[in-house]
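To start, the structure under review is shown below, and the notes come after it.
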Amino acid sequence: MTNYFHLPIGDGYSLVSAELSMAKELFELVDSNREHLRTFLDFVDSSVDETLQENYIKMKLQGSANGTDKLFFIAYGDKLIGTIDLHAIHPTVKKAEIGYWVHADFTRKGITSKAVRALCQYAFDVLELNKLTIMAAVRNIGSNKVAQNCGFTFLGTRPQDSFIYGEYQDMNEYYLVKNDF
Amino acid sequence: MTNYFHLPIGDGYSLVSAELSMAKELFELVDSNREHLRTFLDFVDSSVDETLQENYIKMKLQGSANGTDKLFFIAYGDKLIGTIDLHAIHPTVKKAEIGYWVHADFTRKGITSKAVRALCQYAFDVLELNKLTIMAAVRNIGSNKVAQNCGFTFLGTRPQDSFIYGEYQDMNEYYLVKNDF
Amino acid sequence: MTNYFHLPIGDGYSLVSAELSMAKELFELVDSNREHLRTFLDFVDSSVDETLQENYIKMKLQGSANGTDKLFFIAYGDKLIGTIDLHAIHPTVKKAEIGYWVHADFTRKGITSKAVRALCQYAFDVLELNKLTIMAAVRNIGSNKVAQNCGFTFLGTRPQDSFIYGEYQDMNEYYLVKNDF
Amino acid sequence: MTNYFHLPIGDGYSLVSAELSMAKELFELVDSNREHLRTFLDFVDSSVDETLQENYIKMKLQGSANGTDKLFFIAYGDKLIGTIDLHAIHPTVKKAEIGYWVHADFTRKGITSKAVRALCQYAFDVLELNKLTIMAAVRNIGSNKVAQNCGFTFLGTRPQDSFIYGEYQDMNEYYLVKNDF
Amino acid sequence: MTNYFHLPIGDGYSLVSAELSMAKELFELVDSNREHLRTFLDFVDSSVDETLQENYIKMKLQGSANGTDKLFFIAYGDKLIGTIDLHAIHPTVKKAEIGYWVHADFTRKGITSKAVRALCQYAFDVLELNKLTIMAAVRNIGSNKVAQNCGFTFLGTRPQDSFIYGEYQDMNEYYLVKNDF
Amino acid sequence: MTNYFHLPIGDGYSLVSAELSMAKELFELVDSNREHLRTFLDFVDSSVDETLQENYIKMKLQGSANGTDKLFFIAYGDKLIGTIDLHAIHPTVKKAEIGYWVHADFTRKGITSKAVRALCQYAFDVLELNKLTIMAAVRNIGSNKVAQNCGFTFLGTRPQDSFIYGEYQDMNEYYLVKNDF
């Protein structure tokens, strides 16, 4: 159970609405798993205290007011274990991109896939979107599996499409159209 | 059950996170109960389509990013039946004001009191606020009862403290300190 | 006499319009009376040079453009001895709050009461407000006396309503409706 | 006598601080003297109600917060009879331009010259400016006389330097350095 | 020859820097070719005078200040015949998308391909970008040919990826990495 | 020849559109000629790395979007040798001020005069301005000659009109009306 505004996704896990007051816990989550997270996330090394997380949550809440972003945390009970979000929400084309990460203690258990499926349902039903996209670094096996497990179709590999700690990454793009969900 | 991000408050009712996509349903809720709502709410007559509700939700989401506002809807299943919010959230004094209204079909059932109690819990626990205030028009018997039912203390009557459809209203002020919750 | 835009309040004292160019003198006024002022004002310890006062005056002048604030200084001739302001000016309810402080050398002489009465006259006549409010810390005897001397009515004591140097303060609320002035 | 924040300039006249609440009276002043004022002021024809004056005062108060503008009204007792302002205030060069107009009933009496002299004193002493400039349309005999009466030096005639009701105007530029005041 | 800031692309054609003063000519260009342009451009029907083009150019110039956009016109001498732009310029990944259209009188002559090649050169050399992307509607044969002629590689077909006059369009995505140029 | 968007002014020189990516080269240009440039430019001493130039270019590009500014660089081939700009562009009076400076290696060759003439042509023809103004410090012989060489008329000497490194400068004002070009 959680005291947060949330969507249950089964087995005690849920997606919870992002709050400014969660910045400290979010920083501690990142701080306790730097080695794993820095492989794929570009903000890990620059996170020295919760300031970066405060600004990130604030920016995403402004995006929520503008209709371009929705940030959620993945939680076990009240404990935050990762983030999942919609960004680049397009008001007329009704498409968006999904991003996600979880602490290494909670990978390989199907939790992220449950979170993505719940977010798809929310995006198609509540936000009335028509298409969702996932970008997964080619070398991030787990992230590719999540996209495939959730019924997303592979579009192609975008060369040199992100830049992390001084090196370009090729990214696999996946999509899911509402009618195929 | 609801598909929205929510806090259950019992008997199938819940508080749900406000979404821009709910503006139309919110307008229809107001539109279906104008006679009752216009007695205490100053925006009813100027609500001619969902534009006002869209702007209101957008403004409140911006307040959420700034840390000054949190808007929720009261829902039965997925059906919206009213609103409840925190406004004037003060970051250092850690106090805020509560506002609420419900459609006439759902008054006199204790639903609003349940909603207020759940919001108090959320405000004290998640937002870590220290004091909550309710302003109820003297002549709004129901609203005063909600404050009293939820354990709020009467502070005093503020003369000529709001202005609705051309007439001043006296307002009763109530407060609840975290330690007394 | 003063070279500033002003309202005379008798005996060589006046209220003067706030200017950006007065920031340095305002800082020096605070700096010369830290022990007394820090008892009730939360910005004293963080005032290390006139930067804080510059930003404060600038913010209040923006509030003046928005119709929410009016900042004045209390002066003896051209010498600043305190501040008095209207804040939280409400455009439709036509109410506002009054705040004030004076340097310890000028307390207990009735100057603040004169200043408040002149500000009330200005607020009711020029700004056409309908109600004014004063919040005085319970333990600030002088501030409570000013409210009482100026004909304000006691509404109630708001518990834990401000926060100064790490401690909550209970605040007495007073009001004055235009018709009773 | 006036209830406004003001600087007396003699014979019952004064400069008064601009207030948002004066927009209506300012519009009526313009409206009662359209034929005279439209000769030199470009906003007269577009003034159909007080909206334009409200926006003008608001814009000037924002300029006051930014340190670029100071708007005052010329008043006889509490009655507004014209405007006088500093604009293009330059923070490092410490120079500004003066603008002014009065209702035709109050021209040719030396009132504007008194107002300009008082504004110069205020600008040099309170705002600590170093140079003031007046731009007078070549064909506006009265405005040129005011500049000359107040001790300003003629710099030159700027050809085609303003544009009013579809026609270019040549403008005479005058200046006054603090040391010559 | 042109009087505009420009890059020559051969045969009297050039890319010219967008100016606010070109809004009227841009509107007339659209207005003279509505049937052709509305097939692929969503703004044609809502262009009733140059207001839309003024706002568009202004928005793109703001994007230029933010480092996210560069808008150019394709010109024959001084006559505008189409637009070409970089948008979604990404400061760290150093990628951007290219958009373009030309008036029907100037299609099928290789002009657009010349414009795209010149823009690629400019993007790689002056802006130091690393990758450029083109999105072409599947049914827009000409646009696909331009991408292919300019050495772009096909990535995949994005289903339901734009929305024009009430209907979803599938879009072909192409890319060109700097090293392959 | 240059790869930049440009206007040729003869002998391999041109005016080029300002780009954010040119900040570093612009700083190096200033840095290599501090002694000469600091005589007339107030930003030289505060230029310690390209940050100031980045902010300057960004601010001028925003001015371009607002219709108040146009910044160009003077270049020999692709090498930047100075700047020239229009500022204080007035939308209704259709006037603007011209500013310029070049590296000492390129003075006394008539390059600046060529640049000014090309900018006048562009301002009158493309931006459809009606009058241009040059302000030259009295003691800056070269700058006065440029104005005279380009057919500008002397208006007068403005005393104490700029402030550089703690000292007031008198400025000569020149103008050129479109009809006299």
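Order of writing sets the chain letters: A, B, C, D, E and F. Residues in each chain are counted from 1.
One rule holds for everything that comes next: contacts are C-beta pairs under 8 Å (C-beta built on N, C-alpha and C of every residue); 3 or more make two chains touch, one makes a residue touch a chain.
As the structure is a prediction and not an experimental result, all values here were calculated from the model.
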- Note on the structure: If you tally C-beta contacts across C-D and across A-E, the winner is C-D
- Task: State, to the nearest whole Å, the distance from the C-alpha centre of chain C to the C-alpha centre of chain E.
- Result: 58
- Message: Can you compute the centre-to-centre distance for chain D and chain F, using the mean CA position of each chain? Integer Å is fine.
- Response: 32
- Message: If I count partner chains per residue in chain D, which residues reach a count of at least 2?
- Response: none
- Task: Examine which chains touch each other and state the graph shape they make (line, ring, star, complete, other).
- Result: ring
- Message: Under that contact definition the chains make a ring. Starting at chain A and heading to chain E next, list them in order.
- Response: A, E, F, D, C, B
- chain A to chain E touching residues, read off their complex: 92-95, 130-131, 155-163, 168, 173, 175, 177
- Message: So in the complex, the part of chain B that touches chain A is made up of which residues?
- Response: 3-7, 15-17, 19-21, 58-59, 61-62, 64-65, 67, 72, 121-122, 125-128
